[in-house]
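These are the structures in question, set out in turn.
Below are two complexes that have chain A in common, paired first with chain B and then with chain C.
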Partner chain A sequence: MLYVLWLPLMFQAALVVLIGRQLLAKGSFEWALFDAVGIPGLSIRLDGLAFLFILLSSLMAILAGFQISNFFAKQSSIQKRIWWRFWIVLLGLSLVWTAGDLITLYIAMELVAFGVVGLIALGDQAESYRSALRYLKAVLLGTLSFLIGILLIYGIYGTVSLEALQQNIESTVLTGLAFALMTVGLVYRAALFPLHSWLPPAHGSSHAPLSALLSALVTKASFYTLARLWLDWGDLIGSHLLAQLLGVLGALAILWGGWMACRQSELKMLVAYSSVNQVGYFFLLFPLIIGVSNEVALLAKQGVMLQVVSHALAKAALFMAAGNLVAALGSKYIADLSGISRSMPLSLLSFGLAGVSIMGLPPSGGFLAKWYLLQASLLSGQWWWIPVLIIGGLLSATYIFRIFSRSFLEEANTKSIKIIPKVLEIAPMILALLAVGLGLFANAPLALMMIGLEVTNGVE
Partner chain B sequence: MALNSLLPLWVLATSLVVAFVIFAIPEDRIKLRSFLNLSAAVIKLLLVMIMTWGVFQGVFYETRFEVAPGLVFSLKADPLSIVFAGLSSVLWLLTTIYAIGYLEESPNRSRFFGFFSFCVASTLGIALAGNLFTFLLFYEMLTLSAYPLVVHRGTQAALKAGRIYLIYTLSGGALLMLGVVMMYLHFGDMPFVSEGHFQQVSASEYPMLRLIFILLIAGLAVKAALVPLHGWLPSAMVAPAPVSALLHAVAVVKAGVFGIVRVVYDIFGIEFSFALGVLVPLGWLAAATILYGSIRALYQTDLKRRLAFSTVSQVSYITLGIALFGPLGTIGAIVHLVHQGIMKITLFFCAGNYAETLGIHRIDELNGVSKRMPWTSIAFTLGALGMIGLPPLAGFISKWYLGLGALEAQMYWAVGVLVMSTLLNAAYFLPILHRIWFRAPQAAWCNTPSLKRLECSWLLLAPPVVTAVLILLLGVFASWPMSPFSWAVFMANKEYGL
Partner chain C sequence: MTLQTLLFLFSTMLLLLGILGFALKRDFLRRIIAFNIMSSGVLLLLAAFTQTAETEPLLTGVFVILFIVTTVLTALTLQMRNQLISRFHQSDTDGKIDSEIGP
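Presenting the complex of A and B:
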């Protein structure tokens, strides 16, 4: 048995249950290793939103871990080298979700980056090394900007505790600069247009189950951090202009990513560009929480949270299903997909169900997300996001249906399609069904998200 | 009580569960798949019958739960849902039998029947949707699940038709969604209730409501194939015959019209829609579609394409009936929803039989076909005459009430449209009938001895014969209790508070 997978998973599950009970019983709470105020230290803040992401990454750890353990041959060298990188990424992610101060946050993000570079480099072609290096460069630049921002904040306020900063932070030029630097750094790491070009090769060239993990969780880490900072401080120091700018870049990402996905000839590159497209929706959060009524802000938060979670589930399903299709075909090109619906119906169905969420069609988490974002745009009078949301949906439909159109084509050729183990078709189906199911059962995750959120948003 | 609150869900689950099971069983388990398909269809029909009886007795069926704060998923059975659910479940059973016969020996049947069941589940969901949100949910599900059926043959032509279909329906869906979102934002949850929600709304809300109305109707009009949004329907004819039959009679096209019925009667309310001044433009649009579809049908040489343009025209009778402000027009609209479905499915079954048995696709190949395929030809004739509106067939009942409705509403131009359209119907159907019955048969297949006793497989023959008999029965016994006509009267009385 693969003890390097199952032992940590069991430990993780126990921890999740423990803190989950604590959260539900007592509400959000904080915990610090060094208790003295002002000293940079390891501290944890756990509220509903953080817990939701812990649940998400635990789920992903189980399913991606399961997929990885079956995808690679049992005695292959990858099986030996992969697990410590896998767990470093997940440890880093758990810290990102729960960091209570900027230094912890910084360390957590570096841990994630460290693990991810290792994972990308596992791909066996020279291309993977190039992608890994390119990724490393993007991450280092982004993190540098983020770190300068942190140092500035520490210089001004003498603390890095998010709790303390929320009480003390003021709108000054220097704080604004620090905030802008942190935002830019995180935007780079989140692969927002036009700083996205490192993402598609990194996700497209690594092994499918790893791409699933990367696109489902790692892109979310930087956005999550950015969103939390803006939710904490945005009302005080976030400028309307910067918020609108982030929204506009998000809109451009939706259009550009969608357009590029429509033009890819490789299946996994299409899925990777779809991430650029989907990440764009996240950034509509900023214009819709700054300088608007509480009602709009709530709708925007619910919409973006649903978008993030459903994208994580759906995109992981897409990558895993795409990996199965590519493995069965022995070709990475979309043009070779014809007739695959006969031999791999289950993987194709998973791809389709996940696609429903990506397109934002009901019933799916992606649909509810779009529903809330449309409402927020209408209610705030920022009508210009509406055509973006609609055209973005149609673009997504165009690239998803490219795959189906191809695979339904009946050609008189005799292709040899490899039989792949059925066990590889389980995880993508579960993920796709969850992405769809989120559209019918969103009450619980939304309620969970609200625990402690009003407080951290500065609304008493 | 628990049973009553779960029955609508069960009706849906019969085909949804079967869809997943069919995907999972191997391609070559034909007997098992046919058994599952047929038993699900029969069970669904029985459940709908139980529900029909219950609604008749005044039992209230609703499945509801909260999807997200303020968003309710609701399935319920009211008289209008029963009309549509009844139609779908009857025709589903027949189409399943037909499809099993039609697709014998062809590839990808597992995929076909899987999506076929999804499609029916979505249609039933549309029928039973208790509010706008749930309606939108199933409406888009239908868009998606019908796509694999349209492109089933996998030829370049089929894939092109599929693309056109998606461009139209997804764009329409986006408009519909925007309309629904605006409705929820300004007016909250929108359950379907007779007489609508807006009796007491102030005049300052009128412009917003008009905008929402236009968005909703524009979104629905794509599937309902109202001119100029009908372009996808004729090209979708490349689909296999059972799919065309289903698409034209119950599933996609009907879903659009059914949505228009719901929006006008149960969201805005017919009297408020009239006050809002949106009914007359809707009527004009329907009238234009009726005439346009009929004229285009005249010029088609391909049998299925002629039938497709005939659908464009005939389905808009329903929209016209809605736009006629008055109970008689309502009766005409609702009853035509059912009658058109049964007549059109008969015609498509027959067209499929001609194509499958004799390879006939063009109208000029039909000469004397009655000698070779008498039963199919009789069924086709009943369907065509019904479409023209010949008494005592089903089509006569609906046209008669639409005409009365137009007179009652004093919209005399609508009477003119109906007369014109009837003449056009005759002009494009009678020549076909003439060829079938009175022209000399073509030598090629006339002399081929029929090996079987029947003219084609009974799986292909039984469904059109059954629906043809229904066309006759629904016309002759229209006034019997529980007939579609009686339900329509029942509903119209409720809507107008009579």
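Presenting the complex of A and C:
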């Protein structure tokens, strides 16, 4: 455990501190990776937003690593297979957050994908491998579309550096086609509404601490990339129509994901469909940054960033808590939850606190995010997002309260509830508290995000 | 007809063929083959694009190598399926909740 988890974690923490000091001292910077040996193209760029996500993923690595090592304490055969996949995913994610050009981005996304397929396939239900292959299919098609977009861009401009492209890119038909292809590929990988069908089985059938990692970070990677591209180029080549379309699909995802979550009979599938529901909110970013005032664009960016971070924290907490409940019950069905409040109050409390953020009740991070989005839609006159936000909140409340109404039922209890180690209840509690506390201490991440992110978007 | 248009036509054809195969065929082997056809289409597309633009040959090389590496990785991942299937046929765990896994 020392060599596969704790030493790499320490190394990672040291690296994060070093990068953070560099960033605070000098502002955002770029670094060409292999220029010295003559391989062009590969580079890394680091700014406040990227650093925020590095912080998020290293925090998640610590907590998920802790949870995984305790969850599989007795299964050394699984442990052996987990760790290298775990670190490949994290390496890929760090590269996604910091990629300074399209090739690095492509490598990073493939790294994440292959690690994740391995992690999903570790589940030992028979449907795990089916879900893993389904995920692989989605990812391959998505990445292929993304790659064709990259090739088009490269063919037209002769460069893949994001920095150079931001200055040179022009609105032409071919560039628009490339941009659309990249958007479609990333949307597929981010599991937006009509292309979401691979997500619930993948997250529902893998082991709970692994699902926590997947839903907290991996779906964010594709969205982060898409958001980065739109923030860079959206003003020049993103069309209003495409932005509104993404927003509408996001709205449909909020409604459909919430509705499906209300109808699930398995606990982890409910949490997985809740991801479809929450991912929908991210996509309200696009209509709210294209062709609006700077003020609205800033509000939208901050709102979506808060939504991404609070969802990552809350959803990881939900999955870990759900994993504990399922392990204690020996059953994956919501109907069997009755009476669990007596024996597992802590896990249920973490579930509830994380649920507060998912529902968007104050003072959680989820509330602040939705409040910003609401304000942005009001200010820009795009009133049609407001009912979506409200109905989405109600739907989330419905599915979270479904769990609670079931678990507080007292029945003549004939089930045997397994005692699980108390140490497993620490990580979800920390994550849930962070998700709720984010609303109170949102200034720090928001200030960090603004380093190196000029407010160039929007038409005055 | 220049070389570029020819390359462009062929790559689009291969891509469409691959996508059709991927969408319509259920059989696993056919899908892998369809995906490989798609990949060939992408490589040809790269060749078509780099005919005229002032692209760096080295960067193009990086693209090609990357693409080959991904294809090999995909093949290895798909290989995993066979191992998994044999695992599930041996042990009769189909659809069973993982009661032995976890704390």
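Throughout what follows, the second predicted complex is superposed on the first by the 443 of 460 C-alpha atoms of A that agree within 3 Å, B and C clash if a C-alpha of one lies under 4 Å from a C-alpha of the other, contacts with A are read in each partner's own complex, and residues count from 1 in each chain.
Operating definition for what follows: a contact is a pair of C-beta atoms (placed from the backbone, for glycine too) under 8 Å apart; a residue touches a chain by one contact, two chains touch by 3 or more.
What you are looking at is a predicted structure, and each value in this text was computed from that prediction instead of being measured.
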item: Simultaneous placement of chain C and chain B on chain A, clash or fit; value: fit
item: Touched partner set for A:332, first chain B, second chain C, both or neither; value: second
item: Partner chain(s) touched by A:155 [first = chain B, second = chain C, both, neither]; value: second
item: Residue contacts on chain A - larger count, chain B or chain C; value: C
item: Which of chain B and chain C A:23 touches, first, second, both or neither; value: neither
item: First, second, both or neither for A:374, with chain B first and chain C second; value: first
item: Which superposed partner A:390 touches (first chain B, second chain C, both, neither); value: first
item: Partner chain in contact with A:70 - chain B first, chain C second, else both or neither; value: second
item: Partner chain in contact with A:242 - chain B first, chain C second, else both or neither; value: neither
item: Which of chain B and chain C A:341 touches, first, second, both or neither; value: first
item: Per-pair minimum CA distance [chain C against chain B, superposed on A] in Å; value: 21
item: Interface residues of chain A shared between complexes with chain B and chain C; value: none
item: Sites on chain C touched by chain A in the complex; value: 15, 22, 31, 35, 38-39, 42, 45-46, 48-50, 53-56, 58-59, 62-63, 66-67, 70, 73-74, 77-78, 80-81, 84-85, 88, 93-99, 101-103
item: Residues of chain B that touch chain A when the two form their complex; value: 23-24, 27, 66-69, 71, 73, 107-108, 110-111, 136-137, 140-141, 143-144, 147-148, 151-156, 159, 162-163, 166, 170-171, 173-174, 177-178, 181-182, 184-185
item: Footprint of chain B on chain A - complex, ascending; value: 302, 341-342, 345-346, 349, 352, 356, 361-363, 367-368, 370-371, 374-375, 378-379, 386, 390, 393-394, 397, 401, 404-405, 408-410, 439-443, 446
item: Residues on chain A engaged by chain C in the complex (per definition of touch); value: 38-42, 70-75, 78, 103, 106-107, 110, 114, 117-118, 121, 123-127, 129, 132-133, 136-137, 140-141, 144, 147-148, 151-152, 154-158, 160, 207, 323, 326-327, 330-332, 418, 420-421, 424
